[in-house]
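After the structure tokens below, expect a handful of questions from me.
Every chain is named by a letter (A, B and C) in the order it is written, and numbering of its residues begins at 1.
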């Protein structure tokens, strides 16, 4: 739609149109318009709508009824909500292990030997596979009758452990599956970061007698700060969005012990027995508010960077 | 399997000849969309056969069939009923219709229930009625009960139990022989509800069970506790297979096939899956869930599968004709013979060559009353909370008071209006 | 760069490292290798309880044949393609324009709008679920590929704009100024000067979006149903319901579903990694 007006101004230069006079001011808005339109309709406005829906009792089929903050009051003493919240916290903390794990694999692979590029690709490749497939793969891996996991721990005389059917292990089992691709992601970030590490500084530090852990912590890690920041951002987001793995591996069970907020909200709103759009929206709002702290922090760091440029 | 299908196709052909005379008078045209949840092999083939016959009778009608995975269907029905309604959709009787009836998404089909057809289907009328109207047509129902390894029973010298003491004594012998009494996979929860339903029906009777699922009785009632105590006796004996929380109902079948477990409390639809996993008719048999409390009449679980017309359907005329066709005695006979289930129409006959269908038919005919199933008798939310509680109980029986208190709290909230 | 280059170490060390590499790789990919082995085992091996032995015969052709010819898998794969490609094109196109606007022009709201996109990109998308589902139903796009594509384009625009804007910021601004002095219209600057320079970014972003969207599961189950519109991630669950406990087929199905993004990654590795790690170095 913008091209039409642009074309006209182009071929009638003597008649300096309003557009021509304001070209620099108007152009960015014309270029932004489609993206903003899409983003408003599908992302920004729905966020506010979710806030609104959370104040209603609604089965998603019939008319909805305003109930004020009742959904939130119910949330306040819903044990399933606290289970989800607790699991979300476990996810957040343990998922961050992907960062050091990724760093160590990156250090391990950061050599120049024959075929190393292929090794790097193959190490990275869990990240490319969909989480649904990762979930399936790990479900079989953990299977109590034939799973490789129990076969292996059987060799050292342990088990069998029914990882996904036991409320004490289930969340850790799923997180371990999630860490697999996430570690690969962090690894690739660090491999790229390591390429840019300044060799002169390393040499200088070496001459000063820095070695091993000291070198890593005081010389290398500070230089990897941008990679760490991105790894941190994507890992936090990944942890809070975790849904696919839970849905595929346990469906929230056993008896809801592996739920997280994002799964629980889907469960109450749209799953087989879930008809509570309002309650689901209220859970989503809580999740959003938790996320908001992180978003604010991310934006603040980016803002600092922008100003520093 | 193949021979059953062939036989049913033949039976269908003859039945069509009978029915077509009556229906051919009103010419149907246009398109008809049918959504089915019959994704398992036998039901899939059966429905495809029925639809093909109907199609042949109405050359001007274009029928488009969509078969959706049974589990996925349960969550998708609400979406397609509002967004993209077909003309005919499969579903279940009882409270599971409720959300779609109260919001006007199912068409009132009371007109089909008047006259002869209504009388023929009378046994399921109550399960299809909400607010005094009927909202669908049943096409099949089936029994639940204990499917067991007859060869292992013979080997251990066990007889079919008729009461709770015998059931437990049998189970003790089975456990002593190094096996488990029952296989079960509770990953998707509902299998545990089968156990609860039967234990509760046998311990406290049909009336109390219905009060409980309708939210009129308390979950902390001593009668519920008695049910759970009976269940616990089995759990404490080590009657159930280990790690059942990790399996679906299909994944639990191999334990029975390879002899690690001897019996399975299940619906009759499992027979097809168990046989195709390797058990023969000589190895597999069926018995009624035994008596627990003396003097309580025997009621059974008999879930009814149904067909409905969404209120947004475009070709309701054709849809009604299809429902009538499916409910007719001849189609019911042949269709359920190939499903291995029971016809709803009282003028149709049960496939007597199928020993499981036959046993089920006799059992249900003598039943004091029929329950649908926990998740069809109780409203959706209560079903979910309840079944989760049952699964937890099977793993942590010590939590029983806590679980029942949680269910009671849910009851107070869910049934308040 | 940090660990002492292996060439400077003793021969023993070099040898140990070389030997350890494949071992580590096998351990890392163990769950996947297991599935790969499953997928070429004949059915009989599972019935006999031989889960971890080598395949007694090669059942790969039969298993994969079943996946392709006796299930809806090919249809799901096609759906995935028809969802993924338009989304990648749409999101990248929108982001090129938005990135150009935010990267080149100075105006008051610039940073605010930029942050709006960034923040939206971080939102837990569950909060969008109920309203977006309703919107899609209201537009009559429920259970259509179009409905899914429109949403994906919108949501990915956040990330893509972040990416493009930062990329364009890194381009030499002098080029644009020179063009303006020549009196070239702004939209021509975009088409003839900036766009050609953005080729690597466009390639990187397209590959990334392809992978992200291919692997999406959540929105697939929220906005679509059934074989006529669901992508392969959602299809694999009904595939598994159809072949429950048939591990050889489920494994083959999983591998087929995972393959396209893997192929994409190996073919376009350079762009893929460039896209993922943008910003990992200053």
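Keep in mind that, in the parts below, a contact is a pair of C-beta atoms (placed from the backbone, for glycine too) under 8 Å apart; a residue touches a chain by one contact, two chains touch by 3 or more.
Keep in mind the model is a prediction, meaning the values are calculated, not measured.
Common neighbours of chain B and chain C (chains touching each): A. The chain with its C-alpha centre at the largest distance from the centre of chain A is B. Between chain A and chain B, the centres computed from C-alpha atoms are 41 Å apart. Work out the mean CA point of chain A and of chain C, and you get 14 Å between them. Annotation for chain C: residues touching 2 or more other chains are 49, 237.
For chain A, the set of residues that touch two or more other chains comprises 60, 270. The residues of chain B that reach two or more other chains are 71, 75, 82, listed in rising order. Here chain B touches chain C in the complex through residues 39, 66, 68-72, 75-76, 79-80, 82-84, 248, 250-251, 253-254, 258, 278, going by the rule given at the top. In the complex of the two chains, the chain C residues touching chain B come out as 47, 49, 137, 140, 142-143, 221, 225-228, 237-238, 241-242, 244-245. The part of chain A that touches chain C in the complex is made up of residues 2-3, 6, 9-10, 23-25, 27-29, 31-32, 34-36, 38-39, 41-47, 49-50, 53, 60, 107-108, 110-114, 116, 119, 121-126, 128-133, 136-138, 140-141, 146, 148, 151, 180, 185, 188-190, 192-197, 199, 202, 215-216, 219-220, 226-227, 230, 233, 237, 240-241, 243-244, 247-248, 261-262, 265-266, 269-270, 277, 280-281, 283-285, 287-288, 291, 294-295, 298-299, 302-303, 306. Within the complex formed with chain A, the residues of chain B that make contact are 71, 74-75, 78, 81-82, 99-100, 102-105, 186-189, 242-246, 375, 380-381, 383-384, 388-389, 391-392, 395, 406, 413. In the complex of the two chains, the chain C residues touching chain A come out as 1-3, 5-7, 14, 17-18, 21, 24-25, 28-32, 34-35, 38, 49, 51-52, 94-95, 97-98, 100-102, 104-105, 107, 110-111, 113, 115-120, 122-133, 135, 150-151, 153-155, 157-158, 161, 185-187, 190, 211, 214-218, 222, 233, 236-237, 240, 247, 250-251, 254, 257-258, 261-262, 264-266, 269, 273, 276-277, 279-282.
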